[in-house]
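Written below as structure tokens is the structure these notes are about.
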Amino acid sequence: MIIDGEFRVNAPIERTWDFLTNIQEIASCVPSFEKVEVQDDKNFAITVSQKVGPFSATFETQTSFTEIIPPSRLVAFGKGKDTLMGSSFELTNEMDLVAISGKETLVKYKADVKISGRIASVGQSLIKIVAKREVANVVKLIQDKIGG
Amino acid sequence: MKRELELKVNGEDYTLEVEPHRTLLEVVRNDLGLTGTKLGCGGGECGACTVILDGKAVKSCLMLALDAKGKELWTIEGLAKGGDLHPLQRAFVQQGAIQCGFCTPGMIMASKALLDENPRPTEQDIKDALAGNLCRCTGYVKILDAVSTVASEERKR
Amino acid sequence: MRRFELLEPNSVEEACRLLSKHGQGARVLAGGTALVKLMKKRLIHPSYLVNIKGIKELHFIREDKDALKIGALTPLREIETSPFVRDRFRVVTEMVHTIGSVQIRNVGTLTGNLCFADPASDPAPLLIALEAQLKIVGPGGARVLSLENFFTDFYETTLSADEIVEEIQIPFLPKGSGVTYLKHTMRVAFDLAIVGVAVRLDLNLKDGVCKDSRIVLGGVASTPVHTKKAEGILKGKVIDDSRIAEAARAASLEVDPIHDVRASSEYRREMTEVFVERGLKQALERAKGG
Amino acid sequence: MVEEYSVIGKSQPRIDAMEKATGTAKYLGDLKIPGMLFGKILRSPYAHAKILKVDTSRAERLRGVRGVVTGRDTKGMRLCVIPHLANKPPLAEDRVRFIGDEIAGVAADSEEIAEEALDLIEVEYEELPGVFDSFEALKPGAVKIHEEGNVAIHISRNYGDVEKAFRESDHIFEDRFETQAQLHCCLEPHGSIVHLDQSGNLTVWITTQIPHPYRKMVADVLGMPLNKVRVIKVYMGGGFGGRFEMDPIEIISYFLSKKTGRPIRIINTQDEQFTTGRTRYPMVIDIKTGVKKDGTILARDVKVVTDNGAYNSHGITITMGVGTKCTYLWSVPNMRYQADVVFTNKVYGGAFRGYGNPQITFAIESQMDMIAEKLGMDAKDLCLKNANYEGQSTCMGHKVTSCGLKDCIEKVVEAIGWKEKRRKPENRGVGIASVMHTGGGVRLLFGDCNLSDVFIKMNNDGTIDLASGMAELGQGSDTALAQIAAEELGLRVEDVNVITGDTSTTPQCLGAWGSREIFIAGNATKMAAEEIKRKLIEEASKILEARVDDLVARDRKIYVRGNPEKSVPITQIATIWYNRGNILAGRGCYDDPTTYIPDSKTGYGGVPTYAFGTHAVEVEVDRNTGRVKVLNFIAAHDLGKVINPMLAEGQIEGSALQGLGYALSEGLIWEEGIVLNPNFQDYRIFYINDVPPMKSIMVESVDPDGPYGAKGLGEPGLVPTAGAIANAIYDAVGVRIKSLPITSEKILRAIKEKE
């Protein structure tokens, strides 16, 4: 499932880059990141947890920045499993930053989310709706945080 | 942890020891050995597991066994007495309402619950009562005929 | 299904206490038709089930001064076959009849259906149109909540983990009120709604003017959708076919329908228009008929 | 006048009905074999991936787990109903090719423990891009699913001169039709109990339609002699073609049994069945037809792309069969056929009632309706004009031995009220479609034979035991065989004990498929019974002092024709034989003599018999929602002499409803290889409330080679339904839907586009 789009932030490109590459900053904008453990500046152990009504899944992921071209391109890849739900999760997120002006930056993103196993076979439509909504939510939080 | 489950099955008293996560279907089939009640989809969609609990048709695959505590359970095995078929069983046999037979016990139990409650159902009543039972073989035509026959015999009486 | 501990309280207070003690790990077991299915499919794994079936006083259908009250443990089938419900709320009888199959309705409860908060629930939109309320009990006592404010998201409600819905209250309809529930499905029976439309029209019988109306949609979004703009088109007006068409159109534009394996978003929007229109016509007739 | 037959042609209840009605019939899941363990299978969550590592150590340590097997145990093995096409590993070795592909098997003390163990198996995957569409898979540079490429086979056939015929045609029609993956939806999912005992004897309790060929497959795959393999078919909850091959389950169970020394039971959950069971092959069919102004068909050119799924099963033979089928429905003098069978990363298809015919017939019959409209002809007249007939020789070489097609057409149009209802407004419409199908199976799948062997032994009280390798799966073959034996021997059905399903106690038979049960096993039964009858009559002629030719067997007696008083009870003769120490037995082996292994170039191998049928339906379409309501359903079938009208009707009614599902609502829905509707909630087969009024009409065009003139009926009943529905919808609202299922949404979209 591909979720893509773009958004503007009220900050110069360097500041935006610093924000987006700081995992703790990002984590504060992603409600489903339950726990982040920094292994080094590129590798993280992130616990991703999502709940919809009585359904919940918690993926212990290993996440890395796989491509870093400051201040314009960042690719992250994460992968994890939820044993209880017999399901796994994979995410590739590409971000491209373009300076619109000295004060404004355009962020283009393309997230490829793959969820497989038991949850996928019963809730594919729901997963899609929820994932899109979550992304919109994250974007808003990022905008607020950097801008504010 | 096992709990005690007292219930009446096909007219006889039983006391069983059952774990809370067991479904009624599992207990009927495995603990009581009444394998006439079938596991079809396991999700309440096919009706092959239909039994009658306190006079009501229920899907035993979606019910915890302990919920049958103190109740009266009837399964397909309880219908024929000494080789004497229940009128529904006779009609299903005589009228070709059975092919592979996997849905048959559930169909008969759902029909029985209907006739026990409403001995003179209309055709629509019958369809409504069987709306939760799948049959992949017969196209339902002869099943509907069989239940209608029993109902109309009742009407004549 | 994974093992769990079965708790069997004898009173609502005890049930709340148990729920409060075990928090997210516990779930209420009433009819269980939805819950057991999800547990068997290993999609949810509660550690405790609080079986409230032992609380006999939650099993009732009764008439109050101005509302019909249905207890949390009353099976759907009992509601469907209750002559009393049929007399006062034919539309509820009709709606309940379309849920699942007899075997499911013999076990499943109306309250359970609402608490599960399936977006395709049939009772939810109708009961919102009927302005139903829930009596909710928790450790801090009881509260009464309009059903309209109950649903928050797919399978989510405002009910907190230690609360129990004790009863559903459906206020009696004024004279000149017509209510209908239409459900579009692919199969005749035992099918979930692609769109479920509850429509209510309250007419002033003297001049035929619409005093109030409610149009609530199920199956189209994460929660039931109350289309207030469409209602605005009807309020204070004499209802005729063109007004109905206009309202139906407005209702279909008021939703942002979901897309899933049952239907596309576009088809859901189209069906919303068709069924709101049909529903309004039927409700109008019912309202005029008393 | 005495009726010609005393048992045949009568509506006799099934001989297993009592057991089934009382809940005493034992199905696979009802069996408890001492020491039995319960198995579960770990399946791939990825549609296409390399397997880097499988670590089962944690699962093996779980309390109650008795054995775990992986691809290492089954290394090198490949399965397929047609051995030289085998490419399905029972357990994945280094790659998985669809979501649900088998990776490991676990045997434990309970299903619960086995399931828990699955979560403890660690598999490392490297995901590969997947291909989910057959046309994508055909593109150069597409991801390769198998090393040899994505095309399992390309088929090309030519009969007559198609190009010349198109030049001579007044009109040419070109259309594309698409069909979906329908599921058998047997109420009882597939499974088996497998036990390899300490002396090396293998017993397999299984839901199979083909006990004897199945036994051979198992023996071949495992390298065992046949006498060490016993296959016991138990009562089973439906087949419909879905149990017409070996499943990895059984081989996995074999290795688990070998490891543990215990019987292993693995039964799919219905979820597993929905996501990993066989399906009807989805096809994209391009069909080009040339006709004269008067409606005479001159040529047909068909191109098919079959979505084979991830592995080979019946895909190639079914697609070949489609090539045959499109040569013979209606008289088509020139014909060209090209097809590709293509691998994709989805669950693989298999045999399903009709064996390709529902797909191609939907295309042919939809287009026939379009041709009639364009020519300004009544569709019924176009059909009658081109109808097959007895004695016809088709472009491929089929000789039509008997044909009741015209009769079927005329009867259904009469019954549906064609004249009054066709081309009338008001959103109601009528449509017809026909089928030509073969009966009696073919000579192809299991060696150079198409046979069934039957033994009958008469007991000293005159009752009989009948042993046949045929498989009863609900269709009623046991009852039909009993009726045939009883008819021949002058007995009653209750005098017959039918023994089928166990390879240790029954003789060779290729099983229940291809509408072959009555034609082949019925003939064999008749032959076996005749042998006993001969012996009875010889003996009776001595007692009655009558000529052998004057004696008949009826009412449990042998008597002089026209003089029933002069008789001797069969039980008396049986006793005499036994007192002499002789066994009163008969054997009949019918190996259909008319067919041969299909010619590799033409594909022609002959057919034992031809069955025909026509469906007429009346529908009402809601213009605002696209919802179709079927108001009336008439199905006429030419099945030859009817052995049991009640059971035959049951076959027609049941398949008609499957046909309606195929037309209107059924079909797997995938996204990136994930099945989105793996349950009866969202995969919609019909419930009782959806059933329209149905009427079956039986046309009995007697086949000279069939037992009493019977042909076959198992499959034809669902073949024409989708075409009839599509045509009726067009008649009702003027939109032509060319892809199945014809959902409300498709109809509404088409209506809106038209407006």
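A, B, C and D are the chain letters, set down in written order, and residue numbers restart from 1 in every chain.
Keep this in mind: a contact is a pair of C-beta atoms (placed from the backbone, for glycine too) under 8 Å apart; a residue touches a chain by one contact, two chains touch by 3 or more.
As the structure is a computational prediction, the values presented were derived from the model and not from experiment.
Student: Looking only at C-beta pairs that count as contacts, which pair of chains has more of them, B-D or A-D?
Tutor: Output for the comparison: B-D.
Student: So the centre of each chain is just the mean of its C-alpha atoms; given that, what is the distance between subunit B and subunit D in Å?
Tutor: So the centroids are 30 Å from each other.
Student: Could you put a whole-Å number on the gap between the CA centroids of subunit A and subunit D?
Tutor: One centre to the other, that is 50 Å.
Student: Please tell me the distance, in whole Å, between the geometric centres of subunit C and subunit D computed from their C-alpha atoms.
Tutor: Computed value for the inter-centroid distance: 44 Å.
Student: Could you grab the centroid distance between subunit A and subunit B? Build each centroid from C-alpha atoms only and quote it in angstrom.
Tutor: Computed from C-alpha means, the inter-chain centre distance equals 51 Å.
Student: Could you say which residues in subunit D touch two or more other chains, in rising order?
Tutor: Correct list: 271, 676, 681, 687, 689.
Student: Please output the residue numbers of subunit A that touch at least 2 other chains, ranges allowed.
Tutor: In subunit A, 84, 86, 122, 124-125 touch at least two other chains.
Student: If a residue has to touch 2 or more other chains to count, which residues of subunit C qualify?
Tutor: 1, 41-42, 189-190, 261
Student: Identify every two-chain combination in which the chains touch.
Tutor: Touching chain pairs, listed by label, are A-C, A-D, B-C, B-D, C-D.
Student: So in the complex, which bits of subunit C are touching subunit D?
Tutor: 1, 41-42, 184, 186-192, 261-264, 267, 270-271, 274
Student: Please output the residues of subunit C touching subunit B within their complex, sorted ascending.
Tutor: Residues 1-6, 29, 32-33, 36-37, 39-41, 49, 51, 53, 77, 97, 100-104, 106-107, 189-190 of subunit C touch subunit B in their complex.
Student: Which residues of subunit B touch subunit C in their complex?
Tutor: Going by the criterion above, the answer is residues 1, 3, 19-21, 23, 42-45, 47, 50, 56-59, 61-64, 66-67, 110, 113-114, 127-129, 131-133.
Student: For subunit A, which residues are in contact with subunit D within the complex?
Tutor: 1, 83-84, 86-88, 90, 114, 116-117, 120-122, 124-125
Student: For the complex, which residues does subunit D have touching subunit B?
Tutor: 11, 13-14, 16-27, 29-30, 184-188, 235-240, 269-270, 473-476, 646-647, 649-650, 653-658, 679-681, 685, 687-689, 691, 694
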